[in-house]
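Below are the structure tokens for one structure; questions will follow.
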Amino acid sequence: MSGSTHDTAHPQQDHAHGAAVKPRPTLEELKARKARTRQRVAGDRETITVSMGPQHPSMHGVYQAVVDLDGEIVVRTRPGIGNLHRGVEKLAEHRTYHQFIPVTDRLDYISSFAMNHGYCEAIEKLMGVEVPARARYIRTIAHELCRISNHILWLGVHIMDFGAQTFFLICFRDREYILDLFEMLCGARLTHSYCRIGGVSKDLPDEWAHRCGQVVEFLPKRLAEYERLIKSNRIFLKRAVGIGIFTAEDCHAWRVTGPPLRSAGVARDLRKDEPYAAYDEVDFEVAVEYNADVYDRFLVRMKEMRESCSIIRQCLQNMPDGPYLADDAAHVLPLKKYVLRDAAAMVQDFVHVFKGPQVPKGEVYRAIEVPKGEMGVYIVSDGGPKPQRLHLATPSFYHGQAVPSMFEGEMIADVVGIFGSIDVVLGDTDR
Amino acid sequence: MDSTTVTVEIPGALKVIFDALEKQFGDRLLGNDFFRGELTFTVAPEDFVEVATFCRDEPSLAFERLDCLVGNHFPGRRAAPFEVTAHLTSVSHTTRLRLKVTLAEGQKMPTAIAVWPSANWDERETWEMYGIEFEGHPNLVRLLTTEDFEGFPLRKDFPLRGTVGGRIRTDLKGKM
Amino acid sequence: MSDSAVQFFFLLIKAILWVAVGVGMVPFIIYFERKFAGFFQSRMGPTYAGPWGVLQSFGDMAKLLSKEDLTPDYADKPVFKLAPYILFVPGFLVMALVPFGPLGKEIFGYQVDMVIANFDAGVVMFLALGSIAVYGIVFAGWASNNHWSLLGGLRSGAQMISYELSMGLALVGVILMADSLNLSQIVQGQSGNFWHWYFIPQIVSFTIFFVASIAELNRAPFDLAEAEQELVAGHMTEYSGMRWGLFMFGEYVNMVVMAAVIATLFFGGYKAPFTFLEFVPGFAWLLSKVLFFVFMYMWIRWTLPRYRYNQLMDIGWKIFLPLAIANLAVTAIIVSVV
Amino acid sequence: MGLKDIIKKSAFVEIIQGMSVTGGYFVGPKVTVEYPKEHITVWPRYRGLHALLSDPDTGRMNCCGCQLCATICPSQCIFIETSEGATDGRKHIDIFDLDLARCIFCGFCEEVCPCAAIVMTPVHELATYDKGDFYLTKEKLLANQVNAHKELIKR
């Protein structure tokens, strides 16, 4: 357990990639800054109402924000979600634990492996399945690749929200390398369905580790290029610094997690605090910034991508041999190569498909650090092959709830910037 | 999952929570459970806000955050078929706690918005999915489904397929 | 033929040629914008219509002409229909002021001015016409009866008053150096090799003018009126078909004209960079300078994010205006002393 | 703001830096794949259009009609009907229908199949003018086995 409090007395870390060390504000200073923004909406004035979303060109997904404007200043925002509601939790109650894995892909379709992973971690906790070491390492690599691809996509879209269109396309260009790796690994570029209860569905293919190593060597160079393009650009600084302040206190109250929380000076990262997969065996740093604004969220994510590259590099170096799926007949869908040769495995296959896995009675809550924040999975089992209740506490749901309070007193031009900086995906919000 | 009294040994960090809550509320806690390293307390609906506030404000507990607030439906339990579960998280102590409330059909529950603002949408979702009303909620309207949706979709007697609610409103033609 | 009839005949030819060149360039400038946008993003841009996609703009035009032209029910219809032309026409009028060759050039024994309108107050005329164009945007924003359009129109108005002043003041430096408001005289003042061009002594006013011209053209990083990510399409939200096409067309015409004006004021207009290169016609020099500035506009657009509108006003009032005044004072002192 | 910053700002240092990056892309290699003219080859594990395999020697279908794929399918897009009566004691597959419009390409059918009968091929250009083409019958699925990766057939 690392120190994960809002610790203003924390010693100044060296900013490896930032030129100058910025002064670190206290909570009171941040609050005062926020109050100054809020001040602009004081008083009762005539407003006009515009609806940003669901068809607005830069609202991410089908989020609706009905905004009351006083001139260009946002007075009130009424959020609306649900346009992408698919009843995932109801579906879960009618599918076996195995069958639900592909459905989790569709939650946060930008980082679907992370969703698979979170769900499988929760199930494994409920069942008490021990995941073999190789599977844990593969999961860690895949999860970090997922994080990089999510952040790169986020970066492109976020900077495009500020009007720099080139960024969007060059970020998509570089995301392609990671999607290719995923395609090689599990056969799908977006909806991976790669995690299985007790491990992963396929072993690393030949050449994959080599290619992955090349990509993580190459990506930091591209990240440096992005920073050259945007990091100290005066327009970006003007648009991002001091905008959309959300202090650590606010973050806790609104359950805002992930990069927005870390940009408010809280070193909260479930990869360190409640380690899963192979995160306790690799060495990495939690990216923390202290100004809680749009710019610091950008810095946190840039740092996280670099850390992810280093995590992947370490995992590739220390990749253990051995099985990549647990040998546990009661809980694990057997591997195809055994099903074709082994009668016992075939029986296990039939039992798992027709009857489902054996699950103890009980309830668990397991949260993991997905790219957008903390995703919690709450499973209530009544001992049957299907969950009695499955709830996905996805980060975007709470982020979508919290953003309207960030808009207050900001300008309409910044609404999209702030919304983008939080990184909300509507598949994740509406479930 | 009936609430039983704990017999197994609780590890250190959770023991603090266990003791603090037992000391503060004693008999008003209706039961507790310890499974897979997670501590659960059952409280009465009218005590929920008080217990939650204590959990948030007591420095040795410091549950700053409500991770999620979930409803559940057990048609088998005649007396109190509904359950509301709150998952509390302490960022400073990296601990978690589950508070549980069981409710009869039509029984109301106090809102936790005053304790954690993030409970707002969670409660709206619980209401629209299970029909559990939250007293004092400022805006208890449908969140994920359409406004004309009928029924509470996550109840066990609600069918998986069908066309309840969410139809195209032909009666609004010309008025929009 | 009497002399005035000949002069009128030449004027007609000049006007037709100049307009033809200006209008004919626009589809290719749009094509270049799209192609270069692709290049800046390591894409290839349009490749299908014609060789390397050069016919892309004509395809787009055909598409726009065949589209339905929608007018919203609650729009202020006459104003709505008028707005694109108000944006579009001043650009052409400014073209008349830009000289593309020396005055009194001898063609078939006649003295012909290589400029359509040898106007004595050319710079003032240019500024006046430039400020008319903004009415097109304001009218479009108002007449569409849409909140997004309204915000776009308002922004455009606010934007105009904040940069136009420093833009005009920046030009006074040039006027002082050339001792004339006539654009042909200003080009004459820059005779000689390229170090005689005004952008070197007037680097400050060139910078101010260039940045303000981007704002005048409503291009990124100052495309606040359009601001796709914020205001959907700003003043153009309710326009469709060729009416929208006119806005687009007007924008690019204005871009060509603005590039020509910058070339004229600061980069020697039709003059060659070295005197020994003067055998190349002045028109070619002007055209290459125009293309260079158009390319710079594109490069800037596809690199930089957008300012917020109050930040543009900050820059206009708090930085550019004092700088322009200081530059004017310094220039005035130096000119009067030297 | 120090003097250095002012000089840096008025010389547009960081903007020129950014423009040099895009300028580098301008002259650098392009990444466009001109799709209908060029195609990307997908990796062998790609989860595309399904195929039913048959034994290369005897020509008999591998499928044994066990319904595992139809049961595990999360979107319930497979429908199988079998009948007894073949002389070799195996079930005869009367109907093997797969509704591509429902399929989510998760690959579970391939994974649970106990006789290596249903596989996913790298065929991924599935657009069509007729919705009926999304309804794959046994014949269509068998015909697609030519596209299956060789490794899969051997297994």
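A, B, C and D label the chains in the order they appear, each numbered from 1.
In this section, a contact is a pair of C-beta atoms (placed from the backbone, for glycine too) under 8 Å apart; a residue touches a chain by one contact, two chains touch by 3 or more.
Just so it is clear, the model here is predicted, and its values are computed rather than measured.
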C-D or A-B - the one linked by more C-beta pairs in contact: A-B
Innermost chain, taking as reference the mean of every protein Cα atom displayed: A
Chain whose Cα centroid lies at the greatest distance from that of subunit A: C
Centre-of-Cα separation between subunit B and subunit A, whole angstrom: 25
Centroid spacing, where centroids are CA-atom means, of subunit B and subunit D in whole angstrom: 41
Euclidean distance of C-alpha centroids - subunit B vs subunit C, Å: 63
Euclidean distance of C-alpha centroids - subunit C vs subunit D, Å: 51
Overlap residues in subunit A, where contacts from two or more other chains coincide: 166, 170, 173, 229-230, 233
Multi-chain contact sites of subunit C, meaning residues that touch two or more partners: 40-43, 302-304
Per-residue overlap in subunit B, given as positions that touch at least 2 other chains: none
Chains that touch, pairwise: A-B, A-C, A-D, C-D
Residues of subunit D that touch subunit A when the two form their complex: 9, 14-15, 17-18, 20-22, 25, 31, 42-43, 45-47, 66, 68, 71-74, 104-108, 110-116, 120, 155
Residue ranges of subunit C in contact with subunit D within the complex: 36, 38-44, 47, 299-300, 302-304
Residue ranges of subunit A in contact with subunit B within the complex: 1, 4-5, 81-82, 85, 87, 89-91, 93-94, 125-126, 128, 252-255, 266, 268, 273-274, 361-365, 367, 374, 376, 378, 380, 382, 388-389, 391, 393, 397-398, 401-402, 430-431
Contacting residues of subunit A [partner subunit D, same complex]: 95, 98-103, 105-106, 166, 170, 173, 176, 180, 183-188, 191, 193, 201-202, 205, 225, 228-230, 232-234, 333, 336-337, 339-340, 346, 349-350, 352-354
Subunit B to subunit A touching residues, read off their complex: 1, 35-36, 38, 40, 64-68, 70, 72-74, 85, 87, 89, 91-92, 94, 96, 98, 116-118, 120-121, 129, 142-146, 153-154, 156, 158, 160
